[in-house]
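In this document, chain identifiers A, B, C and D correspond to the written order of the chains, with residue numbering beginning at 1 in each.
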Amino acid sequence: MEPMHCGKPRPRQVVVPLLRRDSIGASHHVLTFDCEQPLEAAPGQFAMVRGAQWGESPFLPRPMSILTAGRRPSILVKVVGEGTRRLASSEPGELFTVHAPLGVGWAPCPEDRVPVLVAGGVGVCPLVFLARGLTEQGRRAIALYGGRSAGDLPLDDELAEVTDLRIATEDGSLGQLGRVTVLLESAIEETKGRLKVYACGPRAMMARVVEMCRAADAPCEVSLETIMGCGYGVCLGCAVPKVGGGYLYACSEGPCVDGHAIAWES
Amino acid sequence: MRCDPSVKVGALTLKNPVLTASGTFGYGLEFEPYFDISALGAICTKGLSLLPRIGNAPPRICETASGMLNAIGLANIGVEAFCTDKLPSLRERNVTVVANIFATSIEDFAALARRLDREQGIAAIEVNISCPNVDKGGLEFGVDPQMAAAVTSAVKKVTKLPVWVKLSPEAGRIAVIARACEEAGADALCAINTIRGLAIDVQTWKPRLSNRTGGLSGPALKPIAIRMVWEVAKAVKVPVIGIGGVTCAEDAIEFMLAGATAVQVGSANFRDPLAAHKIAQGIVDYCERRAIDPRELIGKALL
Amino acid sequence: MRCDPSVKVGALTLKNPVLTASGTFGYGLEFEPYFDISALGAICTKGLSLLPRIGNAPPRICETASGMLNAIGLANIGVEAFCTDKLPSLRERNVTVVANIFATSIEDFAALARRLDREQGIAAIEVNISCPNVDKGGLEFGVDPQMAAAVTSAVKKVTKLPVWVKLSPEAGRIAVIARACEEAGADALCAINTIRGLAIDVQTWKPRLSNRTGGLSGPALKPIAIRMVWEVAKAVKVPVIGIGGVTCAEDAIEFMLAGATAVQVGSANFRDPLAAHKIAQGIVDYCERRAIDPRELIGKALL
Amino acid sequence: MEPMHCGKPRPRQVVVPLLRRDSIGASHHVLTFDCEQPLEAAPGQFAMVRGAQWGESPFLPRPMSILTAGRRPSILVKVVGEGTRRLASSEPGELFTVHAPLGVGWAPCPEDRVPVLVAGGVGVCPLVFLARGLTEQGRRAIALYGGRSAGDLPLDDELAEVTDLRIATEDGSLGQLGRVTVLLESAIEETKGRLKVYACGPRAMMARVVEMCRAADAPCEVSLETIMGCGYGVCLGCAVPKVGGGYLYACSEGPCVDGHAIAWES
């Protein structure tokens, strides 16, 4: 895997039309945009997205992981509030400001470790992108994907194409009964601790994953989902407490960061 | 007609009337990938304190109708690191830099100004006597005319740089504070900083910000800001710099008509890194369309 | 669980915590075609003065981001016409009526209260010491604690009705005014009235309102209003009634969590004549879903 | 013509989908809504309209004359600012709050007078509705319709169907060269002053029409287009100065009022 931290493509803000909206169930929607100039992005980077016609409210753009780059970049939106509701109900042709690529993507996986991707809900996006990159390099990741029930696992098919996918649901409606951490336990055993974990999902999940990796002495990167104002380092709104005090800024020092560096308890 | 967008703020000539507001533009260098920031009227730095500050615990921001609340808590690298790590690059790029300063005592305000006075490449000092998001020393200075004047003259005494004072909208009568600062030697007045607001999560019953209250910024604030700029401009002779909810050229023009010599673009930078650049261009377009000089706009609605 | 939405504001029991704000609900009778307004917590009348007032020249309103400016200038039919032409119908319909009053002198405030005290069917008097849109007598009373207290006790002296005082957000420290009014005998405090704003037309270079400035209302204002309600609720023992940008049940709940016993719905009535009715219902739904009593919400985020 | 002032149908606010949008040139759009319960309205009444998904900004609904009533009521929108821009760009299926019927419509035309309708721009709406009502009663109005140029005369065909239509444009691109007041001069002559004028259009036009009617001693009703906050009498935002001092409220005492009662000069 190529170094993703250096030689980062330059972020730009463009106004582009929505090309298509693919809705997966009621609350997940893949939005694909039509860009004249291809969007170059590395797995784990994100975009700040806002409807060009939203007027003054909602005021700020919304951070969204980049699912695919290129001329037709896409994101996966889960409806949680007004901004995501508007994104989810937009129609092809509508104009959006897309500010991307932003942030620091995933770091390469050491040759001697198995990449294990742990996804929860929409946290799957940056991991699908990562898995595709790994596949291109001829590496195959193990993916662990969990949710409350089968309906909370968008893009499971996409993930299955490029990984060795294992699923857990809390209600047992798909895959193993229980949380994704059960799957991680097996994966740690299976790889005899020679794994590198990449995790993205709810905060509580990521905290638990990091804890398990610490016990197994395994590296663990996480993609942080904090509230963001600007997405490019100028508002200082996205502070995340670090181990040992102080804060890191999720948008410019992350979103992909060393999970062991985060003070999860705070 | 080709128009010359430059404006004079006291003795200082700015390339155009569009600045970027403190705390919304980092230290300027973050904009390197987007455009040449030396083309702006000026950039105001994130508020600088004597020592570095890590800022408040998260969450630090939340969105409100047509605006946002922030309680960053003046996280900054400290004046020393600014002078050694940031200023040289800004100087090299010919950026017009306004150093925004913040302190919890009059002595510290003076110390900050003294430190900055030693540097080349600073166009003015903007004294923030109006930060609502720190335990100490934010608002007290901004809501009491004596205190505001004391800070102003302490800073004036130790620097040859133009001193701008950034006013708080939370003073009962902003014009009284403005006049006190003018008498104490302020070279320009900046209005307004944010107004404290509170947002509560009805699911968790907890404030949305860890600091509880945060400063309201954005278009929601604009009518209040315009009114205050108008009051200040009527009350003083020094230039007024308008701040609050500027997102487009029309907003900037509205501030100028109300009496502002220039404007600062704040939260709009979060939506669009090119916001200030586009606004400056929009003012030129407006003036060329009407065949007027941008300076003619200043205070035209004051009557 | 079926919940009982009634709340007590001092000695007065209201059917539910949702009132309609003065100046946004006419005299109530305008809502006849829409719903039974006796189901509301109360309605606050348009501000009543001793003599009828025709109000300001148009334009009187304009829209701003997530809000609006108004400078109606307290157009009203006068207290006498209210008592003879409107009150009997309201009484007949069993509407809980709060009479909002406005005057330019302490004597006139007392005269208004004395006149209203003679009538049946008024639940409380709301004293507006915070109107920003009149030449005289609006804000002075609201920004000075002595003046605010003087008006309050003058009104208290001449009526047995509960006296609510409606506070101005333009006092530097709203809690100080609130405490002064409480000590002077206010039975409840209403916060907030509008904040003065200005909007200028960039085509004509003229203010959008004939009065130039107007009061900002609507969601734009809400975070400031919530913060002020929180400050007032911490400062006083009497009930606080929250006002400013309430458009849905969640907004009302946010005010209650911040310390309000009840809320008033203002500009939202312009968008939807049933706004207050729906909000009252929404609070009941929220409480039933959570199996709590609406009164449990009051001040829960105060910590 | 039946009395329209009394027995007014009760106003209601409903949430209804847009059924269709017919755009006439770039800046005029007829929006037709789909109402379960038919909208009963008299010519000259108006609706307050707002997109149900607009969020908090624009904040207020916009007053729009009712063009047709019934199960599929319609309005004609001219784009002048943000609110009308949003109305004009909305798609079928989008939801709107429609608060109608509001205000006082046109008063009947005395039997012994010829109804003469004077329209400027979108002021044509309440007059088309009026003309249709008159036609149903077996009366035919003279309509005078003016604008800067041919493109400023939406619904001219609709008006021609139900009136004796005469057109004036300032650039002479359609009908007579000049302002609509030139046509009115002829109409006054033609009817020997036995006319009742109904006017809706720009303020300056209405002021001039009222002046001419005063000189001819003819009754003249106008439909006022002021800024409105609520549209139903509770904000007191729509004050219009009256002859002799004081104000009337355009939404509750109008929008159709005696033109001679308005202090046009102020």
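List of remarks:
Going forward, a residue touches a chain if its C-beta (ideal position, glycine included) is under 8 Å from a C-beta of that chain, and two chains touch if they have at least 3 such contacts.
Predicted model only: the values in this text are computed from it and were never measured.
The greatest centre-to-centre distance from chain D, using averaged C-alpha positions, is reached by A. Here B-D and C-D were compared by C-beta pairs in contact; the pair with more is C-D. Separating the centre of chain A from that of chain C, both taken as means of CA atoms, is a distance of 47 Å.
Chain A and chain B have CA centres that are 35 Å apart. Touching of two or more other chains is recorded for residues 55-58 of chain D. Residue positions 64-67, 218-220 of chain B are each in touch with at least two other chains. If you draw each protein chain as a dot and join the dots that touch, every dot ends up joined to every other dot.
Remark: chain D residues 53-58, 82, 86, 89, 91 touch chain A in the complex. Of all the residues in chain B, the ones that touch chain A in their complex are 23-26, 30-31, 33-34, 46, 54-68, 70, 72, 75, 218-220, 247, 267, 269-274.
Put simply, chain C touches chain B in their complex at residues 64-67, 69, 143, 170-172, 195-200, 202, 205-207, 213, 216, 218-224, 226-227, 230, 245, 250, 253-254, 257-258, 286, 300-301.
On chain D, the positions that touch chain C within their shared complex are 10-13, 50, 56-61, 97, 99, 226-227, 229-241, 245-247, 252, 266.
Residues 55-57 of chain A touch chain C in their complex.
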